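Next come two complexes built around chain A: one with chain B, the other with chain C.
And now, the complex of A and B:
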């Protein structure tokens, strides 16, 4: 189990991480969701030892990691740009760690070859060993990077936006494969991403990083259905968050309502039991299986409503007209604090 | 650029430029094939290899004394080799240091660069004064060697700085995360990737040191290096054997360049086969 306790990291005046705590249990696929610039890469670099925290502790299975040089930490790292060794072949890349590592390197060429081959087979690249790094595709490089890390049997694997450089089709396939590979090996993965779909698909647990700390860490279903606070909800890209005062009887603080749980009717036509929120229709956006409609509320905040193509429930909307958005009170989540 | 006038004009210009650039060398080469009775100027009396033979001591008794270049040539090559090794090692190490910002990196940078900026004659004179003050005897392998390093090290440093500037640090971090020690990471990852730069730094250091004159003039002491020895013969009388020697040293330098080119080609071919991931990622 990896434990990060009260870790802070500043770059001059900029605060990247502020008292961040996180636990990654053993044999878990954990995804870490954060916007770009939220410090998620910094966190990985601190865990890997490429940088040191200004304060706080990092421990793996009870042993302190911070202060140890990176090559003694036994942590795998998969880089966003893969960082393969350009002067070596695929097989040499995979064998690199086994051959040259400081702690019990392998000297038996036959064993190195067998283990590299097994690692390449694990990631579906059997027979690619002799190729050059330039002679394989982006998805294959991703697999080589993974094989190179896994063959050393690290105690935990950190993945820094590993699918960011791949196209959408490949990304979906690699998602499944990453999950399957991890389950076969039983080692924990900590996967950093800026995409909420990726985080929710991959993770057994999902942690949301915002404002330099973890605002929520939960099972993906629970996180999606019941975000604990406005910051977590905002990262899921599925929740409208607005000042509760906009709705008559909405109470204090902020309200969060999922895009797909809001209904629309002409002004004054909303069912009495529902909370009502007057807003002006701005524009619609069609993106395949779903359609998004954008509304502007009285205080200027932007609201989104999703409609599923197979089960349309919205009336025909005219741009620039006022409507009542309404939702059942129990679907809304109450967050403390003022609107952003 | 499909102009009917511009292209030929530019071509002509380039040809004239090259002629101007290599004119002296061409004249020297032609005159080196002067006959035994000819002097160091046109016209060429009759074509022969006489002066080459004379230079290598293969001719019968000659009216001209043999060039005293044998020992100085050996000295110059040794000195250039020593300078190359030391400057390149220093250049790589300091460029590596400049990859991270450290306190005083600005002044340190300019202090290093100063070595190639200050006038050679002044530094040479200064070194001569310093060595006589300190009671150190001047020698090509001592005082001159130090100045050659001071002069060529900034070039090696700048070449390596440019190489490290576009070096992808994550490959080193990848090696570290595989449990490979920093020393092994440098040897197995960093060095092979920066090797073309190291080769260029070596070439710079060698050629700059090989024909360095001003700094050597005051510091070489009794035993002369090649440029000093050649200059020394000028003060007596000039014979075409100097031209013959000039052609031979140029051929030697050219051989070095060819070796450099071949090594570079071999390396970049290999790199192209395993092309860098940033190009087509």
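And now, the complex of A and C:
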């Protein structure tokens, strides 16, 4: 189990992480969701040892990691840009760790070859060993980077936006494969991403990083359905968050309502039991299976409503016209504090 | 039933694509021609001339175009001149090794440990500062440093480490080596720094993450990736050192005779044919050295 406790990291005046705590249980696929610049990569670099925290502790299975140089931490790091060794072949890249690590390197060439080949086979690159790094595609490089890390049998694998450099099709396929590979090896993965879909798809658990700390860590279904606070909800890209005062009887603080749980009616036509707020229809956006409609509320905040093509429930909307948005009170989540 | 026909009559006029290709080719030639012209007039032609002149007949004060191998026989039959080839090769090898030993750590520091680009440039410019003064001053400045009453001897005597001034410091092969290393070091530092600076920092981090110590990373990642820079630097240094005469002339006290010095003195005494022989030999040596360097590292592949 990886434990990060009260870790802070500053770059001059900029605070990247502020008292962040996180636990990655053993044998878990954990995804870490955060906007760009939220300090996701910084956290991984602190765990891997490329940088040291200003305060706090990092421990793996009870042994303290901070203060140890990276090559003694036994942690696997898959870089966003893959960081393959450009002058070595695929097989030599994969064998690098086995052959040249400071702690008990392998010397038996036959064993190194066998283990490298097994790792390449695991990521679906059997027979690619002799190729040069320049002679394989982006997706294959990603797999080589993964094989190179996994062959050393690290105690935890950190993946820094590993699918960011791949195209959409390949990304979907790698998602499934990463999960399968992890399950076969039984090692924990900590996968950093800025995409909420990727985080929810991949993770057995999803942690949301915002403002330099983890604002929620939960199972993906629970995180999606019941975000604990406004920051977590905002990262899911599925929740409208607005000042509760906009709705008559909405109470204080902020309300969060999912895009797909808001209905629309002409002003004054909403069912009595529902909470309602008036808003002006701005524009619609069609993106395949779903259609998005954008509304502007009285205080200027932007609201989105999702409609599914197969089960349309929205009336025909006219741009610039006022409507009542309404929702069942139990679908809304109440968050403390004022709207941003 | 009408079959869909895909063949239409071949167009007789040139297609726009062909016109464009022709235009591109014309532009390429246009870009290439000044260089080609320059090389032909000022390199290939003179080279041919030098080879030609080396077979001319040399009399005491004049040279005429009757072809003979006399100059070549005299050059290859003389121990002095063959010895000069040996000296030139020895000085070249030692200076090359010295610039590498002195220059590589500097380049490693600037390229790897200074990650601020502005500071990197500033440090590289600092390496070039000696070049703001003339070549001769840089060379002659070594005399008050290395002389029998120079700075080094004075300090060593004051410290009581020696009782008599060291005489091998100046007007010897040693002073030539020191002077050349100082002058040509920067030509090694530049290309190596450039190659090391191009190494993606995450590649080095990846190697650390895989468990390699710094020594291993240097041997297995940094050194191989910087080799093209070493090779370019080595070619720079070689070309300049092999053709050198000025450093040897002013720091060796005429004790060290390089091929370059022979050419200078023969030209000075109007022995054109003989100077041409030395020139051809020197060119052959430089060509061989560069060919060897390019065999070791395939620059086209690495850059």
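The working rule: the second predicted complex is superposed on the first by the 340 of 340 C-alpha atoms of A that agree within 3 Å, B and C clash if a C-alpha of one lies under 4 Å from a C-alpha of the other, contacts with A are read in each partner's own complex, and residues count from 1 in each chain.
Keep this in mind: a contact is a pair of C-beta atoms (placed from the backbone, for glycine too) under 8 Å apart; a residue touches a chain by one contact, two chains touch by 3 or more.
This one's a predicted model, so the numbers in the text were calculated from it and none came from an experiment.
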{"item": "Simultaneous placement of chain C and chain B on chain A, clash or fit", "value": "clash"}
{"item": "Which of chain B and chain C A:273 touches, first, second, both or neither", "value": "neither"}
{"item": "Which superposed partner A:102 touches (first chain B, second chain C, both, neither)", "value": "both"}
{"item": "First, second, both or neither for A:148, with chain B first and chain C second", "value": "both"}
{"item": "Partner chain in contact with A:133 - chain B first, chain C second, else both or neither", "value": "first"}
{"item": "Touched partner set for A:89, first chain B, second chain C, both or neither", "value": "first"}
{"item": "Chain B versus chain C as contact partner of A:79, first or second or both or neither", "value": "both"}
{"item": "Which superposed partner A:70 touches (first chain B, second chain C, both, neither)", "value": "both"}
{"item": "Greater chain A contact set [chain C / chain B]", "value": "B"}
{"item": "Doubly contacted chain A residues - partners chain C and chain B", "value": "48-50, 69-72, 74-77, 79, 81, 83-87, 96-97, 100-103, 148-149, 152"}
{"item": "Chain A contact footprint on chain B (complex, rising order)", "value": "168, 170-171, 173-182, 184-185, 188-189, 192-193, 270-281"}
{"item": "Chain B partner contacts - residues on chain A that touch it in the complex", "value": "48-50, 69-77, 79, 81-89, 96-97, 100-103, 132-135, 138, 141, 145, 148-149, 152, 154, 165"}
{"item": "Residue ranges of chain A in contact with chain C within the complex", "value": "48-50, 69-72, 74-77, 79, 81, 83-87, 96-97, 100-103, 148-149, 152"}
{"item": "Complex contact set, residues of chain C against chain A", "value": "200, 202-203, 205-213, 216, 220-221, 224-225"}
